[in-house]
């Protein structure tokens, strides 16, 4: 009786998760191992050629390098700006902190395309920034701000910043004040307390924020395309191009290379930050 | 050990050779219980002794690995809880937060498809029984702990179950409220004639409330019987020690006179009614309040008063004798004459002493 | 207060100010642009006009995309929340390797790059011949399921386990317990899970990018196409502002029903 009832609960979500998540991704991997085909979705023969072709191509290596550079820049900026902001939010009294958190959540609910559009309005040749600078007489001709890699970095960074802030702020807010008080009782000033107590204890939040921003950066096709234009393509743009050109095995291989990249970087980040060390503290 | 009592009337709850393990831990070890209708039965013991598991086996929240459970003669071992004829008062009361007091109490009747008019009449009656009629429309979060407990009780009683189970029901209440509730619970139970089983680690509570007590340790019932029997005639050292303070004297049976044995201890001989044969090594238990101290020279075990502690209505005397430490509790009125260092003689009515066995009696 | 302390506060306050400006200004600009009376984006604005909103509703493809996004989000959020709730109720008191695996599976779409999921689903759909709208619906259902799952799981785990047993002791079978006891008590989790799933679906880009088709487009994808191929027409600003307004409206509604604290905590 109990097992029958349990099946009613578990079967539907499991079925959907398997059929429309696990199976498609596995299928995609399967296709990435096939020869391309002109007439079908993919050819009959199995091959590792798709992967070899990408990994051996200097063009793709350059794209990957650029992708990693963009990701690193965004992560650095998000951490640099995000951590102090998170600290600020965490120290707010409860009611105000809830309202500020809502203010941070709100932009995340607005589609990325809208936020990218806002940046286009700011950075375009006739956008707000250029118009303002020209009006003030600072520049004579409009600056080429849009369709550059820095535009992608700045735009994406501001779009993803709330994730970092909320992640770190939650961890900081849950930290037991007494750890800091104990450090100060032992003679550590504010800076030393921060470096040796607060910062390490906030690592779980830093780690989850970093991973989230990383993953979203790698897959943010629309923002990258709108702000970067044709000259600043990243790895994810290649996947889109592959699909629109019906080169399924190629696009599939690119997708898994992206996934592998994400996994490797996740491992590196977890290794560097080692949040597991402090898991289970503070609460 | 079988818990068969001299039952008048039907047996409402029966467990036969029930066993339950959680992984490698044997929580309940071949337990047999029989509970006659209209009696209060308590499971008493320290934490981890298996008393709560036994209660949950009666309820059906746990399934036994072996043995059978019967309620009112029906074999319910394979039945889920919602098909068994019982109700339960939980330690946390478990009142449904989203329902009012009246709706909480009515819940069981709703499940039994009782028609609305009869339902509301029964609810009013139940709430009046626990003296909470005025709070029918309140919500659990608006009530005090004692009030929540009464609602839980009303909710369990209104469906007129075959057996009422209570899991440490008074644990969360303060001392005064607890004593009040103990008296009320007992009177309610007797008025309604409901069979009740409750679990507690508080020996005073068990002695106050129950018709019969089962003392459990490590999944086994060490002794079952009416409170007086358990207290005055414990079978094992554990039972003796758990129910209250006790003196333990070791000795050997030197001679027998009919039903009486004469046990030679390091401090001298003591007489008591026992079956042990001559030559047997025994341990004897005597309650401190049964020990009488007499002037040196009278009959009894010689001892010297080491410490006197005034405890209000009683005074505790701690003595040293050749047979080990002794404790004597005297009413304050009789305690005035003694001082620390006095040499005395300790004696007691032979009927107050008991021989203990090692394990299950 | 030591100088170091005030310096710390100054840094944090400045960083917060910069951050909020950077985060919110693009959105504010879009909203301001939507009310521009001119043909181009005018800053500072010379007046307020509804013309672009009118234009938005006049354009059939815009109207259609908006309607589709709403329909899709309603359906996907509801389906996702039902499934997520079922999964959460199944896992709430279960331990062990199987339970951990299932929980990871149900939460996985949160961290899995949706772009890859979009590609994978498109390939699968093309192979089996899945029609566009159902395919998109199921994709958004998979993407939205973790939200309901997470919030309901949190709500359910916070419940006293004795509550269900109390229900059983009074004669409530599994169905009665679920409907009369469990669901009413995890309702805030269900509602906030639904809200997040709706908002996520409404703004979702990466999967919709691949899974939309001729005649079946979501509003964000429509906006994206316009921006890519027709330049920044201000009707986009109106479309974006409508989306923002819808989200604000939804959050306010749920706040009424469930309370702000519940939404944020349940996240």
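Per-chain numbering from 1; labels A, B and C assigned in written order.
In this section, contacts are C-beta pairs under 8 Å (C-beta built on N, C-alpha and C of every residue); 3 or more make two chains touch, one makes a residue touch a chain.
What you see is a predicted model; the values in this text were computed from it and never measured.
S.K.: If you average the C-alpha positions per chain, which one ends up nearest the average over all of them?
M.R.: Centre-most chain by C-alpha means: C.
S.K.: What is the chain whose Cα centre is as far as it gets from that of chain B?
M.R.: Max centre-to-centre separation from chain B belongs to A.
S.K.: Using mean CA coordinates as chain centres, what's the chain B-chain C distance in Å?
M.R.: That gives a centre separation of 57 Å.
S.K.: What's the distance between the Cα centroids of chain A and chain C, rounded to whole Å?
M.R.: 17
S.K.: State, to the nearest whole Å, the distance from the C-alpha centre of chain A to the C-alpha centre of chain B.
M.R.: 62
S.K.: Out of chain B, which residues touch more than one other chain, so two or more?
M.R.: Residue numbers touching two or more other chains: 80.
S.K.: Considering chain A alone, which of its residues make contact with at least two other chains?
M.R.: Residues 1-2.
S.K.: Applying the document's contact rule, which stretches of chain A touch chain C when the two form their complex?
M.R.: Counting only chain A, the residues touching chain C are 1-2, 5-6, 8-10, 12-14, 16-17, 20-25, 27-28, 31, 41, 81-82, 84-85, 87-89, 91, 98-99, 101-107, 109-122, 124, 126-128, 131-132, 155, 158, 161-162, 165, 189-191, 194, 211-212, 215, 218-219, 221-222, 225-226, 236, 239-240, 243, 248, 251-252, 255-256, 258-259, 262.
S.K.: For the complex, which residues does chain B have touching chain C?
M.R.: Chain B reaches chain C through residues 59-61, 80-82, 86-88, 90-92, 94-98, 107-108, 111-112, 155-156, 159, 165.
S.K.: Per the contact definition, I'd like the list of chain C residues that touch chain B in the complex.
M.R.: 160, 162-163, 165-173, 176, 181, 184-185
S.K.: In the complex formed with chain A, which residues of chain C make contact?
M.R.: 2, 4-5, 8, 11-13, 15-16, 18-20, 22-30, 33, 40-41, 43, 82-84, 86-87, 89-90, 102, 105-106, 108-109, 111-117, 119-124, 126-127, 138-139, 141-142, 145, 149, 174, 199, 202-206, 209-210, 219-220, 223-224, 227-228, 232, 236-237, 240, 243-244, 247-248, 251, 260-261, 264, 267
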